[in-house]
């Protein structure tokens, strides 16, 4: 970063903070936050030093990548890494209105506001249908919070209040904010299953998630480090700040980059908007070469690739996601790339977990699903398997054996 | 650009006066200052390739700002354009699903849909007398929900290559070399068309209606139809912008979000008065360019992206306050 | 009939009369200029408590300006104002109000969505322990209303739900609530129906009994004699007469009001009002003097049973008091508030004009009474305004026909510099006269067959007036039918071929052009 | 709709009392609320549920509180013919200021509350001053202020931050019967706003400023001060909403600004019968408007309706409601009528 630019940015930032000074008040009122803020005012955003980075979690997740998961290899959604099983016999047969079959399953969904969630949500519904056919599930009750934590808290409260849920599945909108509501749900005695993002409690019967954000972020960063020469430039594109799963991804990547010779020329928030991504990449390309792109989620990856095409630049080494549009673009262009995976098939697992809990089968208390990126070698297979799928579909959706396949995903 | 030398000479003085008299002056100065600072920081920005890339990126906002200008100058608001852009891109992607043969039929359908939205906005505002802020806010919600209802939450399908040409390609079509983006040509055509339209009876009546609806009605104008046509134009241009944005970057779930506020901000930055009757379409265009230039500047300054909205907010308020001060004295 | 003796009548000096109370408000030699034009010269006015002082005069005589000086809206350029014998000046209307000088303007200064009590005490709500004491608010209002005998109005009634007369009364009540010792009223009955006036009379009577000095501006002779103790007549900004009402006969009052030397001011009627054949294009072959506009039994909510004819080349004037239905006829003809009954024909063809657009299509034109709110888009250029009708109704022909605008503007004696910069200069920066010329121009370029001029010379300078009169002559010479609405009787008398006098929404009678102004006044006021 | 134009003919000295009673918009709002409750109740019953079960009722009430706070504040500024697009950001800001100041320490609760409200009031003050003193259009001023706060939030806070002590979380979770404490507090705030508008000079003056600025000024109302006060109070209400968020989340969260509270609150205010152009309206109506939205939310939730359909219906309802109010705004009484009419010609029908 050129000094003059940093200076200008610093001046602007300082001026701005002066302008917004009325909102910060005296530091004496916020002793715990005050020290941090000084570091954060620096224009450089260093994930590895941020409050989001926890070395212990980072190490664990990175190690988990190499652990052979337990469970059926052809059903990754039932696999678990280093599971510690808990006994669920207490929940078996007990609970609510129905004995044996026709249980009421309640699901509090954060939202279906992005393609990843839409794909997973379809998979989940298909899985529920299977169990409904089998007579395991009677009613499947869903509340969609439309990304509103406050509404989701109410939704969960309503499930608890209604009292007739035989299990409550929660996909939290934000980790920190839903903790009290989830705790309240646990206290009601109904088995609680949390998946995707976590909460700051371990009261639920099982917490289902892929390995995690650190692994996700590190995989991509390591791929770039491995495939780029020292001193190569990388642009990091992020969706938005403040969401833990996304912050973990960047924190890990930043850690990896900081330990390498890669030069991260920019970290930008894009909101996942293709137009903004393409514009940003184009502008970076005007200022110099970009050798690699790291993204914290695949939304709009194709727009980033196109920016290189339109600028007449060679393709970068690219870290995308297992979204079909990107996989197809990757195949088309033959660039060096990796399709990161935040296992979409995890949307099936909570339903199956509920079935297991009702049956009194033991489940892992923390159900860590495998999370394997799509690499060049697998690419052709995934493309073929998902040939009819829409462009914003996720390759590792894990619903191929469900009866609704493929129409449920193609004709949504 | 296509104006003859004679007309441009005769209008030059007139423009200068208008720019000095209203708030338009502010934004032109802002644009120049921002561009100069960008070039100082990064001289390569002045290269034709970079400028053309800037033009390509800015084109959709210019088109949207022109559409919003028609509505604002007639004394109304259109908050539905962002949702409409999103809806149109998603509709296009889903209906054509990458099929080249469907490009034109789908474009036709988009046009019809856009005009329908504009017509509803216009008629509800003028005949049912619902304030346009509410009408278009409602329309924004309806479009947002309906389009997701239709696609199950995330866009499906793909845009055909020929659909994307306008927003993505240029002439000559050699990547990385100097090219005149089609988006720039579209924007120029739109601006030219808008400038001509504003010099037509329709344009003058529209501004007059924004200035004094009673006097305009008493002069024989159908004010409701004038305003409805402004909404139709806004929706039509939102459709054009959708073609450009969809072409530029393809389909993403977030496409179009927040564009209504961007467009209104651009128009207001251009010195066009909210409430109508004052400001030129060229100033609205300059406002859009200034806003885009500002974003580019932030980028060039490597300003942390989190702080950019704050700087943007300060600049908008200061610019409008400055213009208000000028008008008062 | 014009008598020389009423030019200046001795003003009785109230101070010399031991019987009369001390004056509350005195104006000494007050004068006011606008843009170099003197609108008031050396006015003396003395208001006594418990007396109604009528201020009369034609439009443009300076009544409104004088009222606004009293109200603190304008400040006098010369002269002094004394309140209770001490000199005062009112920088803002609020200051005047707080000094006990309240003014009830024609346009309502009320919030329609608030209650009577809330309006009356706005800004001075009674408090009890920091909160508005609603009980006292209502009680005080109630008390005020009772005091004034206004039992029909409740303090909590929403003002918007009241009749116009009641709203007028609320305005006055608000003035009274300031403990106003002087209340001036600008044509308080102008917006009232006849039945509603009684309410106002009653109120004024009670105010007088309370010792309030009332400055009452009105055109209606009946009212003046019903209410006033003293009458002051203004004419062209000059103080003509102040005398006890009982001492001024209606006849003399009218003469004092209208008496004016206008010799040579109005352009002569051409010897022959029949259109000549010199006009190219549109009118050849027409039967001279054919009926252009005719109404038969036309009416709506505001006017009833209107029969009138305007022939090509003829000027027909609609005279009458403000609120008598003149403007409403114009609005009916032009489709702003269409007639709901009767027949209307243009050039012998029955027409239904439901919107101004249809009016323009039938080649009618209306120069509205209120230039600023109904006639012009003030922020737009002269040219844009001048071609507004063309743009709005005849867009295809607009560019071609707009080329004639500079010529039209020049023919109306618009300054050459303004014509040259017509494209750039916003209308709001023009003088009233030039603004009016722009309004006229926008209609002339449509080549109307019937033009309705509603108060075309109101608030414009003498030169512009003359231009308007010349224009009317030119138009009639070209075979246009002109319907003139005016409160300026000399104008009506000198310009019109026939005069229809309206009273309370009906035609009270027809007089030939050149009739005596007194005769018109008599018909208009119902004195005849 | 039959306009009572004919009735105005005899308006004379004795009118006013004889006028037939009109339904006010507040009454319409509550009628609509009852109607929607009945329809939703029946629909839910048909599906075998009970909309009025305790769980659903408390859900409904909980949904009202957050938007309720914001909408009550928004009512004040809308009455003044202004609007506030920054409320969403203020809510987020105050949730963070509150939570970080409390820092999990029960003894600092009051400090957190004071800090959050002080910051909120500061934002409102700046909003009000920009609008009244710098004469920047409220739309632009508050949009810009929202962006400024957003920039601050995104820069300063990297995610949920701060910790709310359990004692304060009760504000978000405690219920008395089916009624959440937060709803009670919201109703108290609404009641305070009601008192402000109906019992204080400041409130009276807000109506005047929104109704007709010139009349207000001529009557000695300090218009600028009134507008600033409305904005400060609006932001304060948003600040309380932020504290509620903090109490419910146990922490502060910047992403609250993406909930769309700004436009939702304006929609609720207008749905509650307050005129967007100021001068007419009530907090009671706003609470009704918020309740309507909450009932819809609850019914959709119980009926398991697609969340996107909710947006569609919400948009339609807002437009329809305002169209209905607009129809009723034409006051037949204040129109002058001299002669009876056979038609019902509206004056200047062409002027939109």
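Which chain is which? They are A, B, C and D, in the order written, and residues in each are numbered from 1.
Assume a residue touches a chain if its C-beta (ideal position, glycine included) is under 8 Å from a C-beta of that chain, and two chains touch if they have at least 3 such contacts.
These numbers come from a predicted model, not from an experiment.
**Q** Report the chain whose CA-based centre is farthest from the CA-based centre of chain D.
**A** Chain C.
**Q** What whole-number Å value describes the gap between the mean CA coordinates of chain C and chain D?
**A** Chain C and chain D have C-alpha centres separated by 44 Å.
**Q** Distance-wise, how many Å sit between the C-alpha centres of chain A and chain C, to the nearest whole number?
**A** 74
**Q** Hey, how far is the Cα centre of chain A from the one of chain D, in Å?
**A** Inter-chain centre distance comes to 36 Å.
**Q** List the centre-to-centre spacing of chain B and chain D in whole Å, with centres computed as mean CA coordinates.
**A** 31
**Q** Two or more other chains in contact with one residue: find those residues in chain A.
**A** Only 13, 16, 19-20, 112, 241, 269 qualify.
**Q** Can you tell me which residues of chain C touch two or more of the remaining chains?
**A** Expected reply: 336, 355-357.
**Q** Got the chain D residues that touch at least 2 other chains?
**A** 148-149, 151-152, 154-155, 306, 348, 350
**Q** So which chains end up touching which?
**A** Inter-chain contacts occur between A-B, A-D, B-C, B-D, C-D.
**Q** Which stretch or stretches of chain B touch chain A in the complex?
**A** 41-42, 44-45, 49-50, 53, 57, 60, 151-158, 168, 174-177, 245, 248-255, 257, 296, 299-307, 310-311, 314
**Q** Under the touch definition given earlier, write down the residues of chain D that touch chain B in their complex.
**A** Within the complex, chain D contacts chain B at residues 130, 134-137, 139-141, 143-152, 154-155, 263, 266-267, 270, 276-277, 306, 308-316, 318-319, 322-323, 326-327, 329, 348, 350-352.
**Q** Quick one: in the complex, what on chain D touches chain C?
**A** Its residues touching chain C are 5, 8, 11-17, 19, 22, 195, 198-201, 203-205, 207-208, 211-212, 214-221, 275, 279-280, 331, 333-343, 345, 347-350.
**Q** Considering only the defined contacts, which chain A positions touch chain B in the complex?
**A** Of all residues in chain A, those touching chain B are 1, 4-6, 8-9, 12-13, 16, 19-20, 43, 45, 112-115, 117-119, 121-122, 241, 266-269, 271-275, 277-280, 282-283, 286-287, 299-300, 302-303, 306, 309-313, 325, 390-392, 412.
**Q** Going by the contact rule set out above, which residues of chain A touch chain D in the complex?
**A** Interface residues on the chain A side: 13, 16-17, 19-20, 22-25, 29-33, 37, 40-41, 50-52, 111-112, 141-144, 146-151, 153-155, 157-158, 161-163, 174-180, 184, 240-244, 247, 269.
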